[in-house]
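Working notes for the structure below.
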Amino acid sequence: MIIVMSRQAPEAYIQAVIAKIRQAGLSEHISKGAEHTIIGAVGDERSLLVEWFETMPGVERAMRVVREYRIVSREIHPEDSIVQVRGRPFGGQVVQIIAGPPAVESEQQMQESAVLVKDNGAALLYAGVFKQYASPYAFQGLGVLGLEYLQQAGLTQALPVVAELADISMLEVLLQQGIDVIQIGARSMHNVELLKEVGRLNKPVILKRGVSATLSEWLMAAEYIAAGGNHNIIFCESGIRSFESSYRHTLDIAAIPFLKRETHLPVIAAPSQAAGKAWLVPALAKAALAAGADGLILNVHPQPAKALCEADQVLSPAAFSDLLAELRKLAPILGRSL
Amino acid sequence: MIIVMSRQAPEAYIQAVIAKIRQAGLSEHISKGAEHTIIGAVGDERSLLVEWFETMPGVERAMRVVREYRIVSREIHPEDSIVQVRGRPFGGQVVQIIAGPPAVESEQQMQESAVLVKDNGAALLYAGVFKQYASPYAFQGLGVLGLEYLQQAGLTQALPVVAELADISMLEVLLQQGIDVIQIGARSMHNVELLKEVGRLNKPVILKRGVSATLSEWLMAAEYIAAGGNHNIIFCESGIRSFESSYRHTLDIAAIPFLKRETHLPVIAAPSQAAGKAWLVPALAKAALAAGADGLILNVHPQPAKALCEADQVLSPAAFSDLLAELRKLAPILGRSL
Amino acid sequence: MIIVMSRQAPEAYIQAVIAKIRQAGLSEHISKGAEHTIIGAVGDERSLLVEWFETMPGVERAMRVVREYRIVSREIHPEDSIVQVRGRPFGGQVVQIIAGPPAVESEQQMQESAVLVKDNGAALLYAGVFKQYASPYAFQGLGVLGLEYLQQAGLTQALPVVAELADISMLEVLLQQGIDVIQIGARSMHNVELLKEVGRLNKPVILKRGVSATLSEWLMAAEYIAAGGNHNIIFCESGIRSFESSYRHTLDIAAIPFLKRETHLPVIAAPSQAAGKAWLVPALAKAALAAGADGLILNVHPQPAKALCEADQVLSPAAFSDLLAELRKLAPILGRSL
Amino acid sequence: MIIVMSRQAPEAYIQAVIAKIRQAGLSEHISKGAEHTIIGAVGDERSLLVEWFETMPGVERAMRVVREYRIVSREIHPEDSIVQVRGRPFGGQVVQIIAGPPAVESEQQMQESAVLVKDNGAALLYAGVFKQYASPYAFQGLGVLGLEYLQQAGLTQALPVVAELADISMLEVLLQQGIDVIQIGARSMHNVELLKEVGRLNKPVILKRGVSATLSEWLMAAEYIAAGGNHNIIFCESGIRSFESSYRHTLDIAAIPFLKRETHLPVIAAPSQAAGKAWLVPALAKAALAAGADGLILNVHPQPAKALCEADQVLSPAAFSDLLAELRKLAPILGRSL
């Protein structure tokens, strides 16, 4: 950590900062500049807090030098990590497509969705089970029954299934049902208890980015999971909140290459969720692939006009097939396969 | 709901929209404008979804006419609601001060904090118990033991206590300890399961605004609680995420008068949490009071230099006393008392 | 326009709204709903202002039905418009690459840049002339002399040139130098006087998006130019300001397909400017192409280590060649050529 | 400046950084930490650019130590500066109220507005002259004639007048009319040419914050003016763009105390412009005063229902009187007078 003293900070203030550094088991390194004295704390700065210094008299600013995240960092682990989901590798040369409806609505709808997913060569089946909508008067999902329909549909088509864990109390039932991948939604990315709990499992986790999470906060959320021992983490960019209201969220396309550089873990994108408009999805899906995404989560519904929720973001079966065909042509040009 | 058809939308598309409206049990009202045909859906529009219409061919846009929230709305309940916390009314003429340290650190620290709070005439005692920090390597709070220290300190000084509920699994222990007010933090505002659970209680709830929540989403989160039967809701503005990084969050001061107009429920503010810098707190606290806040949550620590977390946002005992003295002079000019 | 009256608005208030509508030369259409009376204003709503109604007693909300922009709208002009720049069509099947250094630094640097641009098959030459940096102590550009170097370099390589107009006072000199395309930078998008002035010319204009401009404001800025008679407008997405500070701006990739649907005019992207980091540019450039961009503005410098400004965002000659080779392979898969 | 080298950066890379520092006339200071080598550049770091180092191999990050702004900084000039406007001091104990209509509409409207301003004890008269609206089809202001009406009204009531300079081409006419204070609007804050031009004058300047400008960018814009020799700068917080769309902009209340600490120059606020809704103005005006603002810009109109633009944000004469009466009671409690 680097501590910048104010101009004219008296020697006593400088000594107090040094004492604080030594007290934490680090040593100091002093540089007297033209305008400011700068003190470096030499040692493991993760044991220091910026605020310890910024509240001391005579200190103008304290700055971290090293990243706070460690296990998920490419600095520590330079090679790409592959996260395996029942034989489907995430983070390697193959681009993985996860697809399904925003919500489980019925047994038949799930079976039809799974057929769509399978027939179009997607790798995993997803469906929303415990819906977290903004309105208490909207469709709230089928709950545990929905989970069963999802799991059955996955088994019928031999597709691994992904389900979202929105609250710790639901973890038991997800595990009992044998869900293959646990998704932490954008609303739960900051739920530290949930992250810790998932960190104790030995199961792949898709970690969506909170809509107002910085890349650094997102990486730290993954670090919480990794610190518990579970390193099977897949990042998923699903849009951030900006001032633009023409679409649900703003897909932060630069987050994909940025994360691929910062972390060794796979990074996928969720264009349907980001856009909230089906007609925008093909452009965003192709863009995400071109930007280096290791996979995509796409929403498809056998009958969009009858979708109980998020009808505006689901692809029709025809649009889904067309998009997958386009992606399949695009991938080889980008050095990937699909 | 109002459905605007595209220019040149053929009659068949208009008829399909009408059929959809009737199917939902409402009736239509058609207006042929210079450029667009506009269809109004007459009846309870809460049973309609914008997306049902926006995905139909020939529809350009669908717009809600009425607010989605109902119970918390001042439109339905024009008079101010008073939320009582063991004889301390929130939402009336008195401005209520909630104060305490960001985290319970020890029994002694809590006892000293409670004395500070009591001696300066604040109304309730707050302390962070289950810390939800961005880093797994930071102080994580004392947990249940911290809750006991908090509760004991409150009892000793005859102060009602406020604690945050970050996960449903912790509700039982909060209830057992007899916590007086349950706080839903900014990170949990979107946690629908938590909102529903708290909606079943008969206990005051402080509902902080998510850092990227619109006012409308915040009001809907309260509606979730209210829909469960618990109307003892206190809104707390604690800052939003903007592009400005000079302070932790941007206190959205206009949210206070806006909410006071939209809802009959009390609205307070948390300047310490928003600013993340103690020296900004007095200015923000006075501003919040001037803007009409019904109360404030302030962070104070008996020895700021020894605070284990958020040391930069805690007021020292002296600064806390000074601020309360200033607020006490300010309140009467604004028609309030403190 | 649709005017929603408050619940229980008395008849007199409704009559006042009707009078206001008639006064503006439109007629009214009334619909009494379950909770609210809704009044539609039938006629050309562009002559009405939302605020006229929202400030009247008993009015809850007024909402526009039609878009405010007209000339640039695809609704009015369904076919794609092609903007010609000395034989290089923007908006058609060909993807156009505009490239050059962020700033003119010397005659030699411009000549070398132009060779790079030409040799790699890019279509137009760009360079910053009047730099608008945040600091008065930074390099401010070469001014008129820089413009001459740029123009000479373009002539030598037979490349049309693009220069930015930051202030009306500079228009004369740009016209005298025979600049082929005038660029309105992100900082000037809201400068109405500038837009009007450029609207009187018969010259292609690249209109960059302001970093906090909504898509609707951006389209209205183009409408200002178009209203003056100049329809040769090329939109350029160059990033918006979000809370994320890992890159200069957030490239709003969804803006590309969104604009392509809203307007008939060409839409290009500026990944170098958005990213502010050269290593991010290839991923963003490919993503923009995949999302449907009609062209790209790329920053390249013959010797990045010697660049006087924005050295972190310029591609080296080798990286530029590699990227163009990649884009050239990608374009045909997307139905484009380059 | 501090340059953090990557882990395992070879010695040659470190030497290259040192050479670059020496080349710029500074000297280096090296600190070998546990994980990273850190190099400090000792000397005037304003002559260095972060990007020079961040683009060098082996460099992970470069960080500025000192502020880029100097003349406007309180670090350099610890005492408050008072900006005098014909005997009205800004930045001292007195809170100054600037008031008037958003636009000059007629001679009579300006005369009536000036009477309102004078009678309620406000200090300066403001009116919009060259309107910069988002739509080319909206009222565009009266231009030079409006400027005359404004100036006459000011003279009649012996009130100094404030007018906005939106383009350099208008400066001459503002100076000829003898305008007392030149306002740089939010849309022009980034217009470097305009800032430089105004820096050459000897006239007070109100510098509004761009809606997406960071505090640091805003201070640098002022530095541009100050670097030209004009130190009569008054900062005006008028709202930033956030995701919240319930009001025009988000008044960043914390910017007031933050700027008062960073700069010695006066800081005022424009609640009418920020809110865009007249009913929010009293709460925001009182909050700004409580947060330490040295003055306010308020919009008032003799007949709001007849306002040609921004009718929703103007106070009625009665509301204006009431608000000034409230502010007059509030000021003494805050140690100010009005």
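Each chain gets a letter, A, B, C and D, in the order it is written, and its residues are counted from 1.
Rule of thumb we're sticking to: a contact is a pair of C-beta atoms (placed from the backbone, for glycine too) under 8 Å apart; a residue touches a chain by one contact, two chains touch by 3 or more.
The structure displayed is predicted, hence computed values, not measured ones.
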Target subunit C, source subunit A, minimum contact steps: 1
When B-C and B-D are ranked by contacting C-beta pairs, first place goes to B-D
For subunit A and subunit B, let me know how many angstrom lie between their CA-based centres, rounded off. 26
In whole angstrom, how far does the Cα centroid of subunit B sit from the Cα centroid of subunit C? 38
Averaging over Cα atoms per chain, report the distance between subunit B and subunit D in Å. 31
In subunit A, what residues contact two or more other chains? 212, 241-243, 245
Treating touching as the only link between chains, describe the layout with one word: line, ring, star, complete or other. complete
Residue ranges of subunit B in contact with subunit C within the complex: 2, 4, 6-7, 29, 31-36, 38, 40, 42-44, 63, 65-66, 75, 241-243, 245
Seen from subunit D, its contact residues with subunit C in the complex are 46, 49-52, 54-56, 68, 130, 132-138, 166-169, 187-188, 190-194, 196, 210-212, 217, 220-221, 223-224, 227, 241, 278, 304-305, 309-312
Name, in rising order, each residue of subunit C that touches subunit A in their complex. 212, 214-216, 240, 242-247, 250-258, 261, 274-275, 279-280, 283-284, 286-292, 329-330, 333-334
